[in-house]
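What follows are several structures.
You will see two complexes here that share chain A, one where it goes with chain B and one where it goes with chain C.
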Partner chain A sequence: MNRRARVNNALAFGLIRAIAIVFLLLVVYVLLYTVVQGWSELTRGAFYTSPPSTDHAGSGAGPQIFNTFYLLILTVILTVPSGLAAGIYFAEYAGTGRLVNAIRRATETLATLPSIVVGLFGYALFVQATGSHPSRLAASLALTVIALPYAVRITEDALRSLPTTLRESSLALGATRWQTITRVLLPAALPQLVTGVILISGRAFGEAAAVLFTGTVGTPTAYANYSLSPFLPGDSLAVNLYVFRSQVEPGTVPDAAAYADGVAALLILLVLVFNIAARYAARHAVRRLQGAI
Partner chain B sequence: MRAVSTVPSALEPAAPQWRRRLRAERISRIGFAAAAGLSLVVVGLVILFLTINAWPAFVHIGLDHFFGSTTWDPEGANHHTQNLQPLPFFGSLTPIAGSAVAVILALVIAIPVGLALAIMIAETSRHVGERVLRPAIELFVGVPSIVYGYVGLVLLVPQLERFAPPGQSGQGFGAAAIVLGVMVVPTIATLSADALQAVPSSLREGSIALGATPWQTLRRVLIPAARAGIISGIVLGLARAMGEALAVALVIGGVARLPDLAGGLSFLLKPGMTMTTTITDGISNLGANPKAEAARYLLALVLLVITFACVTTVRVVQRRSEVIT
Partner chain C sequence: MSAEFRIQVAPEVVAAVNGEKLPAPAVETRGLDAWYGDFQSLRKVDFSAAKGRVTAIIGPSGCGKSTLLRALNRMNDLVPGYRTSGEMILEGSPAPTDPAGVIALRRRMGMLFQRPNPFPMSVFDNVAYGLRLERRWKKHDLDEPVERALTRAGLWEEVKDRLSRSALGLSGGQQQRLCLARSLAVDPQVILMDEPTSALDPIATLRVEELMREFRDEVTIIIVTHNMQQAARVSDVTAFMMMGAGRAGELVEINSTIDLFNRPSDRRTEDYITGRFG
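Up next is the complex of A and B:
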């Protein structure tokens, strides 16, 4: 090795390390800063109970928190059965025919489709074409379009990562494919599937553009209800953060900035909770698989 | 004893129990296939409904105006006919150019950073990479994009304002590019790291054994070998940056103006618009201006075509690399 090559080597890796570390520190700093900024809101009880306001102080995100979890649960209920079944098909049945290829391509396209396009599509189909108005159901259906390809991929990967011996021994014992899937493969893949559901939920609850078009009519304060009807409109935390910031001029409401900081901080903390939960489930999965096989 | 009788043989007719299982087998297979086909149906519906709703734009605006004009003024606020009626313009070149500029700048930021992170994860510090960097990057992916936009608005834009010409808020292409760049880094980093880790270690060892430095190995052997995965990461990052709407809408300023590339770097601090922010603007008056709405659906169709192109590129790149290895 000549001297120049050694110097280049040191310089290159020094630069790579510096870029990576600066980026990581910057993002971590920004996220921490946001949480710290919003902390005073997060420790204020009314933040969790009162609705947002654009004309007086004392805003809260109560209805938005309720609605975020409402949309999340409805989306998971809509996504899991179809995503699971489609993932099973790809992992256990699908060949390499032209139709299967087209379906795979469609799934990849859905996974890459901008959420604003899904929002506009959802508005055209679930709101306009059905002659109704923006609603939680329409928003959840739009979120399902976004979450479905992830659910398919997670299920397929989970089933493919299982040892083949599991599948073969079940079939060799005379079980049908249906029995093999429902009684052997799915229970074995359950921890990974649970991790996947948590990660999908994490995606869905932060998704704003699709919900903006299908679940709301674009004002930050109109949805102060806790009713369970899926046919009522409602905005999520993420949508409210956007609409509030883009419509309320800074300074018109005394605590507008603090409120938005609070919502941003809450979103970051919820992501943290989802990620830790998913990691915990994944670790549990490894331990269970090692114990079982 | 009963278990034995359920096994069908060529001699005795299948037991009813076994026949029932076979029927369940067929039905479940069809059910799984139907669920898989749902994706195809949804994509078909997306194409159908976007086209139907964009149809007035084809008829009443015309593709030559839509793709030929740089004036985007859907309400006719700044243009008038001779008898002072508002005269709307639907030139999509402004939002398309805005998207292109914002995305290219975002990639200029995200590609070096994403590759640096990928190299750290896959090559230089594997232990820290798997225990700290990967989980951190997964966390960054999970943070809602609107939060990045919001942080960009309250932290970044005021900093940029100090450099902006008087009267400008600091919103503009620079802020949009930084926010998008940060959002895209995890996509490039994870896919590139996966690709680098998938390179057979014999290549790495062979190169080192021939006397190459780790940097030479990385640059001449590993990165070329992992090219397909790295390109996929960049293309999917491009798609993500192109499709992000609300985060960009908060920081780009939302003014229908072309990025002024002739004026040096000053365009970074001037506001503009992208395809997605133009669609987002429509939320405030859905149903009020049918032509403008159709034009927005047409922009969504353009985004859909770009998405197809990105997915196809990834497919082609990966298939080619399979052929080579």
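Up next is the complex of A and C:
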């Protein structure tokens, strides 16, 4: 190797490493800054149990924590089966017809829609057109519109990235295609599929714009219910953060900004904990399905 | 034809060629043509594999060896644009072509691939896979057939203490024998092997070759190999294939291994085995 190539190699490697370190520092900074800012709220017990209030100080985010997980679970329930089905169809059955390509392109377009558009579209379709009012179900459907293209794409890519010989050796043993998909391919793709669910969940956790129109009535109403009904409205932590940071009058709720900081810190910590827990659960499931090496 | 090229042949194969007639074919093709789209890959192939014997298919790269092998268990049907014509005969009757029939056919014909490809699951689940396809089993009832298949594949002693651990932790040679056990578990009549040792080291290769000889009379083996020594070591019968006009694969000669290597009846076979071509 000549000198020039060596220098270039060292430069490229140094640059890539520097960029990686910058990103790591950025993440750590955001995390620390947010948690430090919200610390006083995070350490206040009532913050987790009380409902938020739009006319006096001392709000809590209890119902919003509940509702965030409610929306998350409902969205995952709506997204995963249909996303899996469509992804399996594209990867294993569809081939490359003209119609299939059109559907594939439509899916990709859906993934690029701004979430505020999905929120308005969701409002028009799931709320106005059905003659109902904003609800958790409508919010979850809007979140599903956002998440579904990712679910389809992740499933398709996960199945396609598996070696052909896995498919062939199953079929060569006399398995049907469906047996091959359910008994070999999906278990083998499980780690990627779990990563997909985590990514989708991150979107559902943090999405404010889509939920704002479909899950709430769009005014700084503070929702306080722990009901399990999907037909009741409810705001998530992200919506609550937006409302208290920008909609509430500082005169009526003196601690609105501090409260919003607390909500932001809680949101970021929940996402973190959720990620770690999901990965841990996935590793456990993979070990059970695939055996320890 | 000259007989200057001598190659070592397994002693029992010599005995077999000298002493006994070959059994009736387990698998036969008559006038088999195969196309990938417009490209003809096989032309008028008359192949047969004697029951309970090892038949090797040799020939230069691209001559259609693997296509022929994969035509037998209809694996090529998965390739878009693939079609065949001609006859395929299994134990004297026409091979099925309907989807349910093809699945039944594949259960009777195991397949070993170039690279060991165990499923990413436990050793036990790999071997039990084929059995579980037909019906539900109580886990306990699977112990015996799984042990039997692993024993036949010469792997039981090595894996009996790690049945519940991932098959991917085994060595390459062990993985290939596990794939063999996976096929054996459903008691196939035929095992198709597509260069089964090309990814293995010499010792692991030897183990697999020994097993092939142990299955004599029990299982019909058809092995594609680009290693002529291997064909000579393990097979009773050898088929030599080559590209003909339009690069379509043709079967040049099929004969007892000892005759094919020592008294080739076709000029092209002789050129290939003496290294003048290939």
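We take it that the second predicted complex is superposed on the first by the 236 of 293 C-alpha atoms of A that agree within 3 Å, B and C clash if a C-alpha of one lies under 4 Å from a C-alpha of the other, contacts with A are read in each partner's own complex, and residues count from 1 in each chain.
Throughout what follows, contacts are C-beta pairs under 8 Å (C-beta built on N, C-alpha and C of every residue); 3 or more make two chains touch, one makes a residue touch a chain.
Because the structure is a prediction, the values reported are computed rather than measured.
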Please indicate which partner A:A86 is in contact with in the superposed arrangement: first for chain B, second for chain C, both, or neither. first
In the overlay, answer first, second, both or neither for which of chain B and chain C A:L232 touches. neither
Kindly classify A:A12 by the partners it touches after superposition: chain B alone (first), chain C alone (second), both, or neither? first
Residues of chain A touched, compared between chain B and chain C (which is higher): B
Just checking: does A:L166 make contact with chain B only, chain C only, both, or neither of them? Give me first, second, both or neither. second
Is A:G174 touching the first partner chain B, the second partner chain C, both, or neither of them? both
Tell me which partner A:R183 touches in the superposition: chain B (first), chain C (second), both or neither. second
Taking the superposition as given, does A:A282 touch the first partner, chain B, the second, chain C, both, or neither? neither
The intersection of the chain A residues contacting chain B with those contacting chain C is 174, 176, 179
Spell out the residues on chain B that touch chain A in their complex, using ranges where they run on. 7, 21-22, 24-25, 28-29, 31-40, 42-43, 45-46, 49-50, 52-53, 112-113, 115-117, 119-120, 124, 133, 135-136, 138-140, 142-147, 149-151, 153-155, 182, 185, 211, 213-216, 218-219, 236, 239-240, 242-246, 249-250, 276, 279-280, 283-284, 286, 296-297, 300, 303-304, 307-308, 310-311, 314-315
Residue numbers of chain C touching chain A in their complex, please. 73, 75, 78, 80, 103-104, 106-107, 109-111, 113, 115, 117, 119-123, 125, 129-130, 132-133, 164-169, 179, 182-183, 186
Counting only contacts in the complex, chain A reaches chain B at residues 1, 5-6, 8-9, 12-13, 15-17, 19-20, 23-24, 27-28, 30-31, 33-34, 81-86, 88-90, 92-94, 100, 102-103, 105-110, 112-118, 120-121, 123-125, 128-129, 145, 148-149, 152, 174, 176-179, 181, 199, 202-203, 205-209, 212-213, 218, 238-239, 241-242, 245-246, 257, 260-261, 264, 267-268, 271-272, 274-275, 279
Which of the residues in chain A come into contact with chain C in the complex? 95, 163, 165-176, 179, 183-184, 187-188, 289-293
